[in-house]
Amino acid sequence: MAEKYSIRLGGTGGQGIIKGAMVLAEAAIIDGKNATQTQVYGPESRGGATKAEVNISNERILFPLVSSPNIVLCLSIGAWQTFTKDMPPGSTLILDSSLENGPALPEGVTVYRFPMIKMAYEDLGNILSTNIVAVGVLNGLMKLVSSDAAERSIAIGFKKTFVDGNIKAYELGYQAAREYLQAAK
Amino acid sequence: MAKYQVLLNKALCKSCEICVELCPKKVFGRDKTGKAEVVNADNCIGCLICEEHCPDFCIEVREK
Amino acid sequence: MVEARLVQGNEACALGAIAAGATFYAGYPITPSTEIAEQMSALYPKKDGKFIQMEDEIASIGAIIGASCAGAKAFTATSGPGFSLMQELIGYAAMTEVPIVIVDVMRAGPSTGLPTLSSQGDIQQARWGTHGDHSIIALAPASVEETYLMTIDAFNFAEKYRTPVILLLDEIIGHLKERFLITPDMMPPIINRQKPQAGQEFVPYKNTQELIPALPDFGEGSRYHVTGLTHNEQGFYSSKPEIVESFINRINAKIEDNSEEIFRCNGYNVEDCEVLLIAYGSISRSAEEAMNNLRREGINVGLLRPQTIWPLNEALIGDACCGKKAVIIPEMNLGQYAREIERCAPDDVPVVSLPKVDGTMIFPSEIEELVREVLK
Amino acid sequence: MREVYQKIFRDNLPHIWCAGCGNGIVMSAFARAYDKLGLDKDKTVGVSGIGCSSRITGYLDLNTLHTAHGRALPFATGVKMTRPEFAVFVFMGDGDCAAIGGNHFIHACRRNMDMTAIIINNYIYGMTGGQFSPLTPFGSKASTAPYGSVDRNFDICSLAIGAGATFVARGDVYHTKQLEKLIIEAHEHKGFSVIEVLSTCPISYGRRNKMPKPMDLMNYIKDVTIAKERADKMTAEEIAGKIVTGVLHQSAAVEYNEAYMAMVEKLEVGKNG
Amino acid sequence: MREVYQKIFRDNLPHIWCAGCGNGIVMSAFARAYDKLGLDKDKTVGVSGIGCSSRITGYLDLNTLHTAHGRALPFATGVKMTRPEFAVFVFMGDGDCAAIGGNHFIHACRRNMDMTAIIINNYIYGMTGGQFSPLTPFGSKASTAPYGSVDRNFDICSLAIGAGATFVARGDVYHTKQLEKLIIEAHEHKGFSVIEVLSTCPISYGRRNKMPKPMDLMNYIKDVTIAKERADKMTAEEIAGKIVTGVLHQSAAVEYNEAYMAMVEKLEVGKNG
Amino acid sequence: MVEARLVQGNEACALGAIAAGATFYAGYPITPSTEIAEQMSALYPKKDGKFIQMEDEIASIGAIIGASCAGAKAFTATSGPGFSLMQELIGYAAMTEVPIVIVDVMRAGPSTGLPTLSSQGDIQQARWGTHGDHSIIALAPASVEETYLMTIDAFNFAEKYRTPVILLLDEIIGHLKERFLITPDMMPPIINRQKPQAGQEFVPYKNTQELIPALPDFGEGSRYHVTGLTHNEQGFYSSKPEIVESFINRINAKIEDNSEEIFRCNGYNVEDCEVLLIAYGSISRSAEEAMNNLRREGINVGLLRPQTIWPLNEALIGDACCGKKAVIIPEMNLGQYAREIERCAPDDVPVVSLPKVDGTMIFPSEIEELVREVLK
Amino acid sequence: MAKYQVLLNKALCKSCEICVELCPKKVFGRDKTGKAEVVNADNCIGCLICEEHCPDFCIEVREK
Amino acid sequence: MAEKYSIRLGGTGGQGIIKGAMVLAEAAIIDGKNATQTQVYGPESRGGATKAEVNISNERILFPLVSSPNIVLCLSIGAWQTFTKDMPPGSTLILDSSLENGPALPEGVTVYRFPMIKMAYEDLGNILSTNIVAVGVLNGLMKLVSSDAAERSIAIGFKKTFVDGNIKAYELGYQAAREYLQAAK
């Protein structure tokens, strides 16, 4: 694993982007890594595009924001429009399959598409678990944290009644990504 | 023919469902993104409840 | 606390306050400090503490001063607009020597400004916001763990020196979530206010050599009077010039004369560097990253990272600046701390302010660029 | 959008409010009332504090003054004293008006300067994410009252009356026609007029209090309110638990600027006579 | 000096008040009431703001807290929440309480925390030399109302009631026995209790309003007041122009610290159960 | 005004305000500023002005900002505790560029302090009392006549730069009664705020070269939005970094870039003296008397007397200090202005603070002694 | 013989005349500096009006 | 006349000390001189000793307070106790005749006694004019201002109804002093 992973999750208010980022960051910490998690706050995020960012590293993380993301995951068109501009070559973009007509991408960005919203809504019957499906997909693709840590992180981050559902969501996303990668091999 | 024309500015709609629930004549439904949609325009009786309660000024009911 | 967790700066502040022994919180919500109030409202009812949401920030600081008189370690949290409103009573606490902690999570100002974005714009206000001459202690942590530990320091200083202490978080630190693990060896000892010695005549505001009065809490038996008027050793109003003077000098001296103890900072390559960065709070992290990057390039940069903003250890800073090709102060304001460095640094050392007030954090690259430019 | 709205709204929609937020409903009722009042926009000033509701001034094509949290009324006082011929409308949230702004509010009630205060009571600090306000019902949950609020709440209308206000009314976002009418009556009252508007904040209040959907709050308001005309005919038991709407209090007293000008005139007579 | 005074006064007389100032009369009534209440001085806190009247805390041998102008109640709130077993008395002037401190006052009324607020209403800002206060009667003269005040005044008792206070009384410096009794009753009331005390300021108020001598004001107070028991039996016309004294309002509501502790207990039961 | 009269400093301030065209006063009484309110309450009803006594200082400054938006030249007067309470809205006025004048008659602080005695303890507070980065104009007259004239200056600066201006009287000047004669030739021209040019597109906060927006009063037809949030040229909230930055920089630059014009001072023997005194307000009179006495003794002393406290003309001060054996700053605080002089003066010039905080004025003899000591 | 003893602490008296005017038995007069003075001690009926109304705590009425 | 006269008036609250000082200062200004007038403010002056000070000079007055008084006039024992300590040799003290048992005076101070309170009370029937009687005495002794200016100053300083009475008070004091000086010759 490279020295530092910078991940950005984008969506609209209510999609649980921040919670997703927290689950990811907490999992990294459970794995014994360092992590920082930040987000855009306040009325601006109301309605418009929200982002939440995570840095993961084995070393001390100094600059805590994401200046140049390795991975961006977007659940809304607004997020795609706003948060992908600074993606460097070699970085990865994960889009929800429902998104269309987004902006052109910077050179050298690898794009994946997964129907994360649909998976949450149709397969799990709960659109609110989109964020954790997304974390599963992201981790399935990039292997940032151990799945064990991810699940413990979910257990920490949610009220008891929601833990199982979210672990299921995580696994659903994770499996989808693993299967895709298997298939792509 | 219907006496009223129900104009809906979807661009402003935030899917709150207030119009859907308050219209006494069930004129509104939801589209697949959750936004309001005029489904029974002909039923409109011009009571303006929808117009006055839409928090986002999406609706205008006109006499034809 | 054995396992590392993901904790937010504001949350660490709340936990630190509890660890310091604080049992009273009064506040009025304001972004980006609100999580501290929310934490206390959830924690205190379960931990023998008291939480109250007051009608405004003035009432909030009033309530914590009252609570402190009654024996509680008490604190409040706010941001710029609320901090401005608290100024009168910060002066009152300084004047009456009541220990309190005020957390100011700095957002971009002036006025309502940019409620959700970060700044370090209240550095000078923390020193000069209230009328009249008083000294102040202000601290600025740079990480979530440091927020926890320095919240404890804040209470310790408040109790030890019987004075209001300002904890300056910038919004980035307040809202940052990161790895958090406090082990017992990291914990500072907890300091409690000194009480009058039994058997000795009780003179509430006696001007002893230590300069700090030993006062009982209300209810402990030695009744006394607390007033924001200039007062004599007995605590009653006096306008006698010699009394006023010795009083005002004492409440200033008890802090300024101890600036060596109170001023804490970390240094990295301070002595042998060519260019010295001085940075605090979140921006010290950008500065450290910039330093690391530049050193990799072979540029000899050092970093002085004050944890204490006020009082300044002017001698220490002056020495640190001595002989440098340049001293650069990146900060999220228009050079508020740089003014002080300018004052302390020798004339022949260029003191370069790197100000930023657009609500965004200073990136390491911005510092790197300036260093390179300055060295040209 | 209907013409009356276009006439008074600025061209900067969509607004920042959440889906189902009552602020928009108040804003359209205000627009209709304003239109009926036939006032001159150039001579109208809209003043607000800080909060979600206070953002309303940003959308109204008047002379607008978005002040500091809690301070709308003092600013409005300065405006109105300087230009007594202006129509002045002051928009405040429940926190803005009754928490940090409480003192200005009671003093404005006392002074009786001719302006209209519209308090959008969504029972919560919306803008900062859901802390309880002085109007949050005792026992309700809020982000700073996770176990239910132990703070008794004000009845802001009683407070206004106790402070000497000469026109006190309560409306709500369900009864939009009544609200429109109250705004008109309030403006037409000579002196300081107060309208509390029960409003909806699904995001910061509803979600924590088992009314997560906009319509949950709308239904609550619909059920809990009762018009004064009806309430007057009911027994105390029948009204228990209800919130009365309509004009709750109206009385006559000298308006501040008129009292000031009367003093000035007396001095002038003294000078000449 | 009578022993009851010696027991509770500090040994620092004479006080700074002018000849004929009512503050001293309030102070001795307080001392008598305090003595009868039999409270523990070590567990009693006296809190005041800034003003002539607020200097009272300097003379009382309690734990005393002379705060900032208008802020006595928030300080007292912090004290009382920290040590709910303490007896807390808060002394305020009319300006201190009703002008700059108005917001804290109404919120204290609302919260209903168990303490006693004594508002010494001398109708004026005494300390600063006679500017009108929110309790200065409309039309009275003051150093900032040289032509007579154009500011309507509060009825501070109505304000307290409107704000939700559970015990509201009015006394005066002429009826000293009644005043003593009201202070006792107020303290014994569980919750926030308010006593307005009509008092005399010959220097800053009387002189400007044709009552330059202490006895002029004393006589005014004697004439204008009427005990509630008597007023209750009179018609509105008969009462017109009179100021009613006595316990004007008393009601039951949960005390703040009790509500807080009830919440704590519920959580503990939840924890253990 | 043809005959000389005995006039009090506070009264001169009231008269100056009227001469400047001010028509609105809102205030809350506080010693030692109260006479200003009393004057306005007596004068305005006879002079087409409006006086209102508000419920507190926050309401007072709020009201004058509102009045100014509606077209009045408006002001308030207060002292330390009230000045502290006004800080939030001073920032609001700076942010929204509403011209107002705040008179702070300085008494000894902090807190309630010594209500009736003098100080110059709010010098730094005037600059830094509110949160966030903003610049400020602050003036300090030294005589009753100067109070009158500089009150007019204060309104002129406020109108010209669309900014709050602080007039710092110390209690001695505020309460001093002395000979007062203003002849027409002494009168500064009256400046009124710039209005948008007819026929041009109206962009309320356009960032022109002059840096100062031309705004109509409410009611003049071009409706616009005033907000304390960071805003774009149209006046609406924006958090875009480039907009925020240019806005914050503009409201600072419009003052700092004009510091040469705004900074006014008198000099006596500044260039050829050995020891330079720098003093302002009432204390500049002690300094001048000390200078005269010392010169009679043959000691070569000069005096720089700033009338403008903020913004500093740093170059001018630096130059003035150059080559002196010592620069002495007597002031009724713990060296608040001396800090600034220290920053501006060359390293090799000893900057000596002569602080006094006991409520009494600095006597000429105290300054004389220090000069002699320094020269030893 | 009188039942009550009227003690007056002149050092604290500020000459407000309240006792002089309120005493129903005219027990008090004024000395030439204006301060209160006990002139008709024997008339005292022990009503305590003077004691309770003296703003400066100068008076104490004792049963003999 | 010397360069600068520094005068201090002392008394208790209510004796009109400040007004007296103002009348004196205003008169000096009418005479074309410079004058400053200052006083102690506030609650401390309530009850206790009050002072009001005046500097009169043909030149610009810099230091506006009185550091070393040429003349001190006391109407109360408290004033005598508090305000005479710093009197330099050659200075003049004017005491009301009713004052007894004051502190010892510094060396070289000339003392005059006039029954100013009594003159106001008995001769004029108005104790409130003591202050102006005192101004008359002071001026009669020291000739600081012209009597014309003093009377114009009184006319400026008082409401119409009180002007005549105060002019009379001034003259009474003035004459008493002149007569005393005549007699002493």
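For reference, chains read A, B, C, D, E, F, G and H in written order, and residue numbers begin at 1 within each chain.
The criterion applied here is as follows: a contact is a pair of C-beta atoms (placed from the backbone, for glycine too) under 8 Å apart; a residue touches a chain by one contact, two chains touch by 3 or more.
All values derive from a computational prediction rather than experimental measurement.
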item: Fewest hops from chain A to chain E - one hop per pair of touching chains; value: 2
item: Interface with more contacting C-beta pairs, comparing F-H to C-D; value: F-H
item: Intercentroid distance (Cα basis), chain F paired with chain D, Å; value: 38
item: Centre distance in Å when chain D and chain E are each reduced to the mean of their C-alpha atoms; value: 31
item: Rounded Å distance, chain E centre to chain G centre (Cα mean); value: 27
item: Whole-Å separation of chain centres (CA-atom averages), chain E against chain F; value: 39
item: Per-residue multi-chain contacts in chain C, two or more chains; value: 31, 45, 55-56, 58, 81, 88, 92, 111-112, 115-116, 227-229, 239
item: In chain G, residues with contacts to at least two other chains; value: 14
item: Per-residue overlap in chain H, given as positions that touch at least 2 other chains; value: 43-44, 47
item: Chain F-facing residues of chain C, complex; value: 58, 79-81, 83-85, 87-88, 91-92, 94-96, 106, 108-117, 119, 121-122, 124-125, 127-134, 227-230, 239, 241-242, 244-245, 248-249, 252, 333-334, 336, 339, 342-343, 346-348, 356-360
item: Contact set on chain A toward chain C in their complex; value: 22, 25-26, 29-30, 32-44, 61-65, 67, 156
item: Interface residues, chain F side, partner chain D - complex; value: 23-24, 26, 45-46, 50, 52, 54-56, 58-72, 74, 88-89, 92, 218-221, 223-229, 236-237
item: Contacting residues of chain C [partner chain A, same complex]; value: 3-6, 31-32, 115-116, 172, 175-179, 282, 285-286, 288-289, 292, 361, 363-365
item: Chain E - residues contacting chain C, complex; value: 10, 12, 41-43, 45, 47, 50, 57-58, 61-68, 71, 73-83, 86, 103-104, 107, 260, 263-264, 267, 271
